[in-house]
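Each chain carries a letter (A, B, C, D, E, F, G and H) given by its place in the written order, and its residues are counted from 1.
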Amino acid sequence: GFAKVDHHRTIRNGFPEVVFCQGKTEEQIVQILMHLAKYDNNILATRATPHDFARVKEAIPEADYSELARVITIIKKPIPMRGKVLILSAGTADLPVAEEAAMTADIMGCQVERLYDVGVAGIHRLLDNTDRFKDAQVLIVVAGMEGALASVVGGLTDKPIIAVPTSIGYGASFGGLAALLAMLNSCAAGIGVVNIDNGFGAGVLANSIIKAIHGAKYDE
Amino acid sequence: GFAKVDHHRTIRNGFPEVVFCQGKTEEQIVQILMHLAKYDNNILATRATPHDFARVKEAIPEADYSELARVITIIKKPIPMRGKVLILSAGTADLPVAEEAAMTADIMGCQVERLYDVGVAGIHRLLDNTDRFKDAQVLIVVAGMEGALASVVGGLTDKPIIAVPTSIGYGASFGGLAALLAMLNSCAAGIGVVNIDNGFGAGVLANSIIKAIHGAKYDE
Amino acid sequence: GFAKVDHHRTIRNGFPEVVFCQGKTEEQIVQILMHLAKYDNNILATRATPHDFARVKEAIPEADYSELARVITIIKKPIPMRGKVLILSAGTADLPVAEEAAMTADIMGCQVERLYDVGVAGIHRLLDNTDRFKDAQVLIVVAGMEGALASVVGGLTDKPIIAVPTSIGYGASFGGLAALLAMLNSCAAGIGVVNIDNGFGAGVLANSIIKAIHGAKYDE
Amino acid sequence: GFAKVDHHRTIRNGFPEVVFCQGKTEEQIVQILMHLAKYDNNILATRATPHDFARVKEAIPEADYSELARVITIIKKPIPMRGKVLILSAGTADLPVAEEAAMTADIMGCQVERLYDVGVAGIHRLLDNTDRFKDAQVLIVVAGMEGALASVVGGLTDKPIIAVPTSIGYGASFGGLAALLAMLNSCAAGIGVVNIDNGFGAGVLANSIIKAIHGAKYDE
Amino acid sequence: GFAKVDHHRTIRNGFPEVVFCQGKTEEQIVQILMHLAKYDNNILATRATPHDFARVKEAIPEADYSELARVITIIKKPIPMRGKVLILSAGTADLPVAEEAAMTADIMGCQVERLYDVGVAGIHRLLDNTDRFKDAQVLIVVAGMEGALASVVGGLTDKPIIAVPTSIGYGASFGGLAALLAMLNSCAAGIGVVNIDNGFGAGVLANSIIKAIHGAKYDE
Amino acid sequence: GFAKVDHHRTIRNGFPEVVFCQGKTEEQIVQILMHLAKYDNNILATRATPHDFARVKEAIPEADYSELARVITIIKKPIPMRGKVLILSAGTADLPVAEEAAMTADIMGCQVERLYDVGVAGIHRLLDNTDRFKDAQVLIVVAGMEGALASVVGGLTDKPIIAVPTSIGYGASFGGLAALLAMLNSCAAGIGVVNIDNGFGAGVLANSIIKAIHGAKYDE
Amino acid sequence: GFAKVDHHRTIRNGFPEVVFCQGKTEEQIVQILMHLAKYDNNILATRATPHDFARVKEAIPEADYSELARVITIIKKPIPMRGKVLILSAGTADLPVAEEAAMTADIMGCQVERLYDVGVAGIHRLLDNTDRFKDAQVLIVVAGMEGALASVVGGLTDKPIIAVPTSIGYGASFGGLAALLAMLNSCAAGIGVVNIDNGFGAGVLANSIIKAIHGAKYDE
Amino acid sequence: GFAKVDHHRTIRNGFPEVVFCQGKTEEQIVQILMHLAKYDNNILATRATPHDFARVKEAIPEADYSELARVITIIKKPIPMRGKVLILSAGTADLPVAEEAAMTADIMGCQVERLYDVGVAGIHRLLDNTDRFKDAQVLIVVAGMEGALASVVGGLTDKPIIAVPTSIGYGASFGGLAALLAMLNSCAAGIGVVNIDNGFGAGVLANSIIKAIHGAKYDE
C-alpha cells in the first residue's frame, strides 16, 4: 500500500479513519477504503467527487455519500452522541465547507445543528435566530468573501467560536485570503481560525472541545 | 516655491486648497500655507502634527486645529452648507481617520453627523442607532482590524456607502490590508472603497455625491 | 431549494432579484431562476455562460441574454428610468465588466451611456469626448492592466466616480491587483473603488447615488 | 471621554474590563483606567510599557504590573478559579506573548500552568514533559519562527489546542507570517489559530472553552 | 535541435544528462532523449508523465520509469555507489517529490535510504526510527503543509540537512509557501532549503556533499 | 579600505565614480570620497544627507550638494555635453527621485530638461507642454501613488521612455508597489521600468541610450 | 467591430498594426485581421496558437506564422531595416518570449541577432560570445527562474539593456515574480525592465531606441 | 534566568554556546554571557552592537568583538581546525552577513577563506579568482539585491554551495525577498538556501558538511 494507515492514532483519538481524497485517483481511494473497511472503525473520506463515490460504492456497498459535503462515510459501529455544535454559514456557496464540518463533527459523535445563509448583508436573518445559540456548546462560523460573520457572531455570544474562511469570492478575495485575514483580525476576541476551506479541521476542533466538556462531565 | 499651487483646480472644484503635511517640514508647511492664505480660499491641511500647528499658528493666527483629526483649517470665506453625511466608525482608534473625513466633508460644505464606536463585536450599539441613517444622504464607514462594519451597514441601507479601511490592528492586519480586502469583498454589494487611512478621500467622494444631489436639486 | 431567496431585500431595495451564476451548475441556475420567475420582480443573472442561457431559455422563454456582459435578464415589470450613468472603459477586453455594470445599472432604472475604448495610451480619444461628461450624474471607469484611466477621468470632473479594476493583463498584473492598487492610490482624490471585475457592484453603487439624487429631487 | 466603555459587555461576559494600551498616550491610559477603576470590575490593560505603568501606579496604587507580559492588572473582586490551561512556548523570545495569554486566562478565572522553552529543535524537552498535558483541559501553544511546536503538540494530544504565532524571527519570517501559515496548515487537524502575537485572544478563547466545560458541569 | 545539449557540463560534473519534461511535448522529449541516448552517459528525465514514458519506451526500449517519482532513467554505464543519503518524508502526498530526490541522488551514485510517512503529527513514527540516522551522511527532509518535519529532524541530528518544501496542502499553504517559509525560519539552525517541489535540486545538493566527503576520502 | 574601488569600470564606462551613501556612516562616506578624490574622475554620491555633506565639505571643499536630490558631486574634469533627456514628474513629493535621475544623467554628460508637477489628475498641465517632448531624445517619467503618468506620456510619444516608480503614497501604495506594478502593466507598450525610487538607475539607462545615439553619430 | 482600430497610432508611430490574440476566439481574431488586412499596413498578431493561425491562413493566405514565437505576421509593405538588436536568452524554455521580442523588433525594422541558451549556470557560453555585443546597439535579455542573466550582461556592456523576466520556473518563481524582482534589483545599474513574458514590449522599446539612434543620424 | 540554557545541545553538537543578542537588553546579554562563561565552552553572541560589547567587556574581559560581523566571541578552549570553507560576497554592504557566517564557521573549527566584493556586475572579479575554489570543501555565497552571484558560482563548481540572501537593497528588494527568491530559483541546481541575513545558519550548515567530511575521514 502507499501509506502506513495509522490505526494507532485512530484508536488513541476515538477518531474515525480519515482519508483526504483530493489528489488521489479513484483507484487509490477505493484501495485505501477497502483496506480500512476490513476493520471495525468508522470511515470518513473528504473531498470525494461523485465519480470517486460511484467507484467506492461498487466496492463497498454500505458506503454513503453527501454530494454537498463531498464526503463519503462508512459506518461500521454506532456513534454515541454527546454535545451540541451549531454551524452557521454566510452564503449558499459556503455550504460544501459547512457540510464538511458538519459531517466531520457528526461522525465523531457531536450533535450538529445548522443555521445557514445568515450572512451579514442581511443581519436580521442572524439576529432573528440568536436563540438557537443557547443550546450550542461550540459554534462554527463558515464564511467566504469578507468573512464578517465571525465577528458579528463573536459579539453575540461568549461560547467558543471556530471560524472557517472559505475560498468563495473572486478578485481581491485572493482565494480566501480576505476572509482568513478578517477572521484573524476579528474585533471580537477569542475566535479560533482554521485554514481556508478546512471544514474538516473545524469539525475536529469542535469535537475536541465537546470531548473536553463531556469527558469532564463523565469524569466527575 | 516647491510646488505650482493649482488655483485653477480649486476654483473649478469649489474645493478648499488642500495641503498634505506628512513628509513636509514645518518650514515648508508654514511657507505653503502663508502663500495660500494670501488668497480668498479656505484651506485644509491634513496629517498635521501639533508641532506643525504650533508653527503655523504663529504665522497665521486665524488657523484652527483638530488634534484628533490631525487637521489644520483656515477659514477665509463662509461655507454654505447642504447635504448630510453620516460618518460611522468601529473603534476609538479609528477616530483620527473618521475625523479627517469629517473635517474634509465639512469644509467642503457638507453637514456631518457622527456615529462612532459602533464596531460589530457589539452589534446592538449599531442596531440601536439605525434611525440615524434616515437623514443621511451618504454614509462613510471607517473601520480597521477586520473591517466588518462596512458589510453590516451595507446590509441595513440602500444609500451610497463609502468605506475607509484603517491601519488599526497588528500582526495579520498587515497595515490595513485585512480591512481593505474585507471591504472590497463585501457581500453587501455597492460599497465604494478608498485607500487605507484615506479619510480625506472619503470626504471628497462624499462631497461629490452631495454636490450631485444638490446640484441636481438647484438645477430644477 | 438551496438558498433562502431574500424577497425582503428585493422589496426593500427596489432591487431586481440577482443571481450569481459562476460556480453553479446549469441545473441549479435554471431551478433558481424558475423559482424567482414565479414572482413579479425583474431578474438579473450575472456571470452566465451561453450554455447556461441556452438551458434557461428553454425553461423561461422570455429570458434575454447579453453574451458580452455574460448576463441573463428576465423583465417582469417596466423599469422607470431616472438619472444618467456614464460608463467609460479602457480597452476592448474590459467590455464584459463594463457591460455587467451597464446591465446592472440599467435594470435598476439608470439611463446608461457608454464611452468605451478610451484607454490612456491614446489620451485624445478620451479628451475628444469630455463633453459627454456633462450630462452624467455618476461616472463608472472600468480598466485593467495599469488602471490609469480612473485617475485621468478623476482629474477631468468633480462628479462622483466609481472605479472598477479588471483582471485584464498578465504577468505582473497579478489578476487585476495592479489596476486595483492604482485605483486605490489615485492622485485624483475621491474615487470609490470596487472589487476586481465587479461590474455588478459598480452598477449597484451608481444606482444608489442616482437614487439619492432623484429621491432627493422627488422629496422636495 | 474618548470611548464609550462597554460595561454591558463586561457584565454579559463575566469579562474583566480590557484596555489595549498600544497606540495610546500615558495620559489616555491613566484616564481610561481611572474611569474604569471607579467600578467593581477587574481590569486588564495589555501592551503596557513600564512607563505607562509608572504613571498608572501613581494614580491607582493597587495596580499591578508584569513587565514580561506587558500587562497591568487591577483586581477589584476575587476571581473564582476553575479549569486548567497549559501554556507552552517555543523560545524565550516568545515569553511576552505567552505571558499575555497567561495573565488573560488567569484574570478570567482559569488556572494556568506553564511549560516554556520547549521548541521543537530540542524535541526531548517537550517529550519529557507530556505528562503535564494530562491535567490540562485546553492547551495554548505559542511559537514564532517556523511555528512547528503547534503541530507536534497537536500530534500528542486530542485536547483542544489554541495556537498563537509570534512575530519572533527575522527575514523570511515576515513579521510572524511564517509561523501563522505553518499553524494554519498544521498536519495535526483541529488547531484553532489566533492573530500574530495575540496572546490576549488566545487567553479569551481558552477561557470560553473552560467556561463551556465548567458551565456544563455546574448546569447538571 | 531546440537546445544546445551541454555535454561539457555532464563531463565536468560526473552528472547524468538531465531533461526537465514539464512544458515539453512528448515529441520533443523523445527527440531530446534519442539524441542523448547516442552517447554513453546515463540519462535522467524528470517530471515525465506515463504518456511521455510510453512514447519514450517505444523509441528507447532500455528506458525505465518510476511513476511515483515521475522520472525516466536510461542507464548506459554502471554507477559506482558511495555515500548514504537518508530521505524522510512527512505524508504520502509528498512521495513524488521525495522519490524525485531519491532517483536523482541514486543515478548520481548515492546509496539512498527511505524513511517515509513520518510527519510530526505522529512524532513517534519519527522518534522510533532515529537510529536510522546513524548511517546517513546527509539527510533530505521532504514535507508540505506546515513543513515542520525539517525542524524536528534538525533538532535530532548534527548531520547536514536539506529541506524540500512541497506544494501539498490547500488554502493558506499558498502552493507550498507555508512550508517554504517554515523551513527557512527553522529554529534548528543550519538547514539548507531548495525550491518548492524541487526533489531534483535536493538530490543534486546531497550528491555534492557526498562527493565532497568521498572525494576527500579518496584524495588522502 | 572596505571596498575594492572599481576604477576599471569607471574608465571602461566613462562613468563617474559612484557612491551610495545610505547605510554608511559619515565617517565611511568621507573616507571613501577622499580616496576617490585623489584621482581625476568626477564623483557622484547619492542618498547623502545634509549631515553627510557637512562632513564631506570640510574634507573636500570643492564638493557640491543638492539637498533636493540628496546628491553630492565632485567635479574634477569637464563633462562634454551631448543628447537631451526630459524628466517628467507627477507630484512635488517625487522631486528627490526626479532630481537624483537628473543629477545622474547630468554628470554623465546628458543635457537635462525638467517638466515637473504634471501629474495626471490635472492632465492639462501635461498636455500644455507636449511640445517640450520634441527636443528630447529620451524621457524619464517619475511618479508615485498610482504611477499613471508613465502610461499617458507613453501614449503621447514614440521616444524611449524610462519609468521610475516612487515610494510616495501610503496605505495600499505598499511602499511604491502600486506605482511599480502600474508601470510594468502600462497599456502604452515599450516602457522600461527601474526599481522603486531608483532615480540613479534611470539616469544611467538614459545616458546609455544617449551614448548609443551620439556614439552612433560620431562613428559615422 | 468590437474595437475602434487605432490607425492613427499606427501612422504616427510607423508601427505595424498589432493584435493580442490571447483571450480572443479564433472567430474574433480572423475578423480583426481581415479588417486590418484591407489596409496597407503590416500586421503583427501575438500570442496566437497554431489553431488560430490555421483559421487565419484560410482567410488570409499571405499570413505567416512562427510557432515558437506564437506570432502571426502579414507583410503588406517592405520594412526598411536599420539598427541592430541583440537578443539573449537563458534557457530553451524562454525562447517563445525571446522570439516574440525578435519578431516584434524585426517587423518594426530592426535587424535582430540572437544569442540563445546562454544562462548563467554555464557562464562560459556567454563569455565566449561577448564579441557579439559589439555590433549591437541595444540588448534584450530574456530569462526566467532567477533572472540572473540580466545582471551579468549588464556588467559586460554599457549599451542600453532591456530585461524581460519570463514565467519559466515553478514553486517559488511565483509565475515570474522571482525573475522580475531580480531584474529590478540588478546590481548592474541602468537596466530597463518590462512585464513578465512581455517580449512584445521589449521589442517595442528596443525599436524606440533604434529609432532615436537612426532618426538622430538621418537628421544630421 | 530567562532561558534554560541548553548545555546538552552544546555538548552533543560540539557547538559553542550561541546567544542571539537582537531584541535583548544589554543587561540580559551580560547576564546570559556571564552565566555561560562559568563553563568551559566557547561562546558566540551574534547581532551584538558596539554598546552591547562595551558592557560585556567590562564584565568579561576576555571577550572579543568583531564590529563588522556584529559578533562577540569568548574563547575558553582551543578550537581544532579542520576543513575549508570559502565565503564569497557580492557587495561591501553584504559584509556583516558574510562575516557572521565566517565567525560562526570559524568558532566551530572550520578554516575560513574569504573572496569578497565579487558581485556579478563585474564578473571578471569573480572569474579571475576561481582557482580559489579548488581548496574549498564548501562554498558560502552571500548576496543581496538580485542575488545572482549564487547562480554564477553554482555554474562554476560542483562543490556544495550554501546561499545566503541579504536584506541589502531597497524598493522592490522587499527586505531581501528578491535575493531569496532568486537563490531558490537558481538555474544552477543544488544550492541550499538559508534565511535572509542568516549568516549564522550558513556557518552552521557549512560546519555540518565539514564535519561529515572529516568525521568520515577520521572514521576510516
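Keep this in mind: a residue touches a chain if its C-beta (ideal position, glycine included) is under 8 Å from a C-beta of that chain, and two chains touch if they have at least 3 such contacts.
Please read these numbers as outputs of a predicted model, since none were measured by experiment.
> Counting residue numbers used by both copies over all numbers at the interface, does the chain C-chain F contact come out same (over half shared) or different (under half)?
same
> Nearest whole angstrom, what separates the Cα centre of chain A from the Cα centre of chain C?
36
> In whole angstrom, how far does the Cα centroid of chain A sit from the Cα centroid of chain G?
51
> Just how far, in Å, is the C-alpha centre of chain E from the one of chain D?
From the centre of chain D to the centre of chain E is 43 Å.
> Specify, in ascending order, the residues of chain D that touch 2 or more different other chains.
As it turns out, chain D has residues touching two or more other chains at 122, 171-173, 177, 180, 184-185, 189, 195-196.
> All pairs of touching chains?
According to the stated criterion, the contacting chain pairs are A-B, A-C, A-D, A-E, B-C, B-D, B-F, C-F, C-G, D-E, D-H, E-G, E-H, F-G, F-H, G-H.
> Which residues of chain F touch chain H in their complex?
2-4, 6, 8-9, 22-23, 165, 167, 175-177, 180, 195-198
> Considering the complex alone, what residue numbers of chain E touch chain A?
92-93, 95, 117, 122, 125, 168, 170-173
> Where on chain H does chain G make contact in their complex?
Where chain H meets chain G, its residues are 90-91, 119-123, 127, 145-148, 150-152, 154-156, 169, 171-174, 177-179, 181-189.
> Can you list the residues on chain E that touch chain H in the complex?
Residue list for chain E touching chain H: 12-14, 18, 137-138, 158-162, 180, 184-185, 189-196, 200-201, 203-205, 207-209, 211-214, 216-217, 220.
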